[in-house]
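Shared between the two complexes below is subunit A, which pairs with subunit B and subunit C, respectively.
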Partner chain A sequence: MKVKRSASKTLTYTVLIIMVLVCVAPLLIILMNSFKGKLFISDDLFAFLTPQSFVGGANYVSGVTKMNFVGAFGTSLFVTVASVILIVFLCSMTAWYLVRVKNKFTSVLFYLFVFAMIVPFQMVMFTMSWVSNRLSLGNPVGILVLYLGFGAGLSVFIFTGFLKSIPIDIEEAAIIDGCTPMQVFFKVVFPIMRPTIITVAILDVMWIWNDYLLPLIVLDTGYTTLPIAIQKIFTGGYGAVDMGGLMAMLVLSIIPIIIFYLAAQKHIIEGVVAGAVKG
Partner chain B sequence: MQKSLTKYFPAFVLPTLAAFSIAFLVPFVMGIVLSFSDFTIVTDARFNGFDNYVRAFTDPSSNFVYALGFTALFTVVSIITVNILAFLLAMLLTRGLKGTNLFRGVFFVPNLIGGIVLGYVWNTILNAILSNFDLTLMYSANLGFWGLIIVNSWQMIGYMMIIYIAGIQNIPGDLKEAAAIDGANKRQTLFRITLPLVMPSITICTFLTLTNSFKLFDQNLALTGGGPSNMTEMLALNIYHTFYGRNGWSGPGQAKAVVFFALVGVIALIQLRITRSKEVEN
Partner chain C sequence: MASISLQHIVKVYSGGVTAVNDFNLEIKSEEFIVLVGPSGCGKSTVLRMIAGLEEITGGELYIGERLVNEVSPKDRDIAMVFQTYALYPHMTVYKNMAFSLELKKMPKDEIDLRVREAARVLDIEHLLTRKPKALSGGQRQRVALGRAMVRNPAVFLLDEPLSNLDAKLRASMRTELIKLHGRLGTTFVYVTHDQTEAMTMGDRIVVMKDGLVQQVDTPQNLYDMPCNVFVAGFIGSPQMNILKGVLHRNTDDAAGADGKSYVEIGEDKLYLPPEKCSNALLAFAQRDVFVGIRSEDLHDDEAFLAENPNAVITAKVDVAELMGSEVYLYLQYRETSLTARVAPNTTSRIGDTVKIGIDVSKIHLFDALSERNILI
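Take a look at the complex of A and B:
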């Protein structure tokens, strides 16, 4: 019995380790090739790194300079962080208002937000880019309005779901003590919402950081985000395709996500799954 | 409370509502109207009934019906591969072995990487493998199809696995014990205890895979770009190409977008129905 047990354990581990290798191999292969010379990459992607094929950081230097990595990275970072801050504050305020003020208007509004959640981006893609163009939103600041507006559906929905579950008594006590609604929200409600805020922030970070299509059709020429830059080097938008620089840029665009993941793994898994199950 | 809060509407709701109108409400209504209009630059729109819809479905160069079929097939195969593999992984990771959390964490990683980056990672790797046989992903629709399945599965399995793990861990331990005492073998325990009790997770994961695969865009663009000759073009990419790759096709493009929205909406309604009715039963 015991022998059988440990045999099945070994089998389980073997299967798991094989699966892990399959899972990370593509990323490791890209990482390895980012240190290889161009010709070695196109010759055999799977050959191990050797002293002959090793070129140090040369691919990183050429990639970063050729595609203005710093600019694209900066735009992506700014748009992601600023949008998420806007969404978290403004949508939680809206959600609280919708939960606490009960009338026809607020309930219609709530259903509009829920409705927006299921509408795919392609449905509004063309007309949104037209509206954005009319209002001159095609820059890293203007696009924040679009992310707030298009992200509002899911965020308001998740926030209201949580707010409905907390008792109104604490808020009423604060009002009796002389707080204005603004103070009640920021001193009482907002701190209680912390777990839900983390969930919403994580879902939106993952969405906006990786988003390709919205910035592509909205941003004016001259502004690039990371996914757009990656697409552009692969399709030869920066001159002849340089396989070395390519590999290096893929690595550089994955690293921030891995760091983010290592820093907040538990919250990320919980947040992403909570968002999925509710949405 | 309600009274004092009501007049704070401009501070609490207006900013979100304004952005929501700009990014969603106005474009949505315009999108519906334009799908029944002939236009090139929006302001020149003229009502033309169902012409756009007819063109989207019947024009031989539209490729919409083909893309719909391709997307449906892709979605069905994805649901099968993703859910079976995710469930198997979840079973292996709920046996109380050491290192379970580490494995779980690693399997989740592909899910975090964006579709464009991920598509190009696999584009590079699959083409390098295929080059040994003098092939590329562009050689045939078949290769592109299975390439897309690999990329999509690789990305989604870790995610669904987490949901299955939660489902399996929710099964009360005494049920399995009781089954073991009654002499149930492993297969019986799996089919009579585990599977029926994780049915809610199976429903969730099936619909998640369904909607995500149906709406797939980034991976499609990065892996095959729809090629060879649009034979691996999925719905979202077809709509994008119709809008931005052709002249005089904005109208049919918007009609396709409306059909796409309607299909996604129907899927969401069915999902709501099924989850609701389950909740009542419980």
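Take a look at the complex of A and C:
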């Protein structure tokens, strides 16, 4: 009995550990290689770090100096943060309106958002780049409009799903307590939506921070986000690729997202539990 | 502390449903008025129109002297307690109660004073720092009341506030609400589908059905003089027994002094006492009527049967339920079932065929067509 139990436990843990390794391996390989010398990287990408191959922070220094890391990081940070704030505020308000105001117009609007969610980016890529050109959206502020547009579908969909579960009584109580519609939203509805807002924010932060194609297509020369900058410098025309620098810059670009995820994760779990208890 | 006047109030929902039709009611200041009726009869709609949450399709609504049809909820000087309590889940109990005062930009120390006073009255002082999800149903109920109390409103609106509580808690909250009403001296408008709640709490009761007011009166008057079959059946527990019969009213009889008028139910005759034989009954002679008999007006004891031989029926006992101080007899009489509340020393047993005496001085007569009470 006891033996059987520990055997099945061992099996469970083995499977779990393998799964974790599969997920974490790419990250670890990049991290490892970011400390290896150039030759060692091209020699064997998967070899473990050894004292011989270790070059300290050299790759980081060369990477940061070769590309305008600070500039690209700043652009990425601005675009990501601003887009996510826009998406979260505007989409949650839109969703609230769609849920609370029931008529033909709002139901058509809702289906448009759902439709926008399922249309693949590649399908609208060319028309979009044309439009963005015409409207001069090829800069870090203009691109926010595009991100808002592409993010709205899924965000509105998720928000409406959650808002339907909030009893309207709570909002009516707030109206009687003296809230204006704006206050009902910001003092009552928005705080209640917090777990969902954090979920949407995480999804959007990861997508926008890592997005390569959209900024590549629309951004005018002179503006680069991190993924573009990394790609441009290190696989650019001139001869040998600086694999070490590439790895180092990848590590640096992942760090903010990991920090953000760890910080936000607690709130997601909290939200899920609160919902379960309320039942 | 305000009177409320509803004049010819109509509510038609956008789908075309007429939820409330020609609703007229004068609610006195400091009165505890209860709207009661089966689910879907429009009680909540009336309450929500008073609150300003629902637009009024037609008619005029006054709170105090002021016409408030177009006044927004927050300016009506009302507070509302919802069936679901509708507490703000992200705020502590304290914040929940302070919220409306903060919106009014009341000074912090005065808010604190009011919240703590309400919490003391409701006995929830120890819960002030908790979030609603950490409270039991009864505690949430109190917080919802507290949230309404701190505002010191002229009118309290309560929509089935007790229906989510268990039976025992509900009974104790009933008395607490009555006490609270006495203490606050505020006008209470209370909605419920439970006639027991209505009977025990209301100064006056409004009985509604299908969006129409059936009767407005004190609990005692509703019980003694229901204006129609619906009110008669709705008010009182167990339900009033209703029998169908034909009224025989001899036109030769002098009004009041005959004893020859009777209601014929099959072969049985219920002779009406002189005081029930008004001239108004003449209009219904030879017509179908419903006879309404409260369960306590059916008797199975020898003494009663001997004294009142004028209205005796035979019925079969289906079930006898001992309720402690009394026994409920569920009887089969012709095609109808009757309920009788008799003394616990009854000799009637399940399966017996027994003689049942009807206290005709207490019966109600309703016209079978209009279902209106023809004795009042």
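Just so it is clear, the second predicted complex is superposed on the first by the 212 of 279 C-alpha atoms of A that agree within 3 Å, B and C clash if a C-alpha of one lies under 4 Å from a C-alpha of the other, contacts with A are read in each partner's own complex, and residues count from 1 in each chain.
By our rule, contacts are C-beta pairs under 8 Å (C-beta built on N, C-alpha and C of every residue); 3 or more make two chains touch, one makes a residue touch a chain.
Note that the structure is predicted; figures quoted are calculated from it, not measured.
**Student:** Contacts for A:Gly153 in the overlay, against subunit B (first) and subunit C (second): which applies, first, second, both or neither?
**Tutor:** In the superposition, A:Gly153 touches subunit B alone.
**Student:** On the A-aligned overlay, A:Asp43 touches which partner chain: subunit B = first, subunit C = second, or both, or neither?
**Tutor:** A:Asp43 contacts neither subunit B nor subunit C.
**Student:** In the overlay, work out which of subunit B or subunit C sits against more residues of subunit A.
**Tutor:** B
**Student:** Once the shared chain is lined up, is A:Asp220 touching subunit B (first), subunit C (second), both, or neither of them?
**Tutor:** After superposing on A, A:Asp220 lies clear of both subunit B and subunit C.
**Student:** Pick one for A:Pro167: touches subunit B only (first), subunit C only (second), both, or neither.
**Tutor:** second
**Student:** Check the residue A:Arg194 against both partner chains and state whether it touches subunit B (first), subunit C (second), both, or neither.
**Tutor:** So A:Arg194 only meets subunit C here.
**Student:** Answer with first, second, both or neither: which of subunit B and subunit C does A:Leu250 touch in the superposed model?
**Tutor:** In the superposition, A:Leu250 contacts subunit B only.
**Student:** Report for A:Asp177: first if it touches subunit B alone, second if subunit C alone, otherwise both or neither.
**Tutor:** Second partner only, subunit C.
**Student:** Do any residues of subunit A touch both subunit B and subunit C, and if so, which are they?
**Tutor:** 172, 175, 277
**Student:** Under the stated contact criterion, what part of subunit C meets subunit A in this complex?
**Tutor:** Touch list, subunit C to subunit A: 51-53, 73-74, 78-80, 82-84, 86-90, 99-100, 103-104, 133, 147, 151.
**Student:** Using the touch definition from the top, list the residues of subunit A that touch subunit C in their complex.
**Tutor:** Residues in contact with subunit C: 167, 169-170, 172-179, 183, 187-188, 191-192, 194, 274, 277-278.
**Student:** Mind pulling up the subunit A residues that touch subunit B in the complex?
**Tutor:** Touching subunit B from subunit A are residues 9, 12-13, 15-16, 19-20, 23-24, 26-27, 29-30, 44-46, 90-91, 93-94, 96-98, 100-102, 109, 112-113, 116, 118-120, 122-128, 130-132, 135, 137, 145-150, 152-153, 156, 168, 171-172, 175, 180-182, 185, 206, 209-213, 217, 227, 230-231, 234, 246-247, 250, 253-254, 257-258, 260-261, 265, 268-269, 272-273, 276-277.
**Student:** Applying the document's contact rule, which stretches of subunit B touch subunit A when the two form their complex?
**Tutor:** Contacts found on subunit B: 1-2, 4-6, 8-9, 11-13, 15-28, 30-31, 34, 42, 89, 92-93, 95, 97, 103-117, 120-125, 128, 154, 158-159, 162-163, 166, 204, 208, 215, 217-218, 221-222, 235-236, 239-240, 243-244, 250, 253-254, 257-258, 260-261, 264-265, 268.
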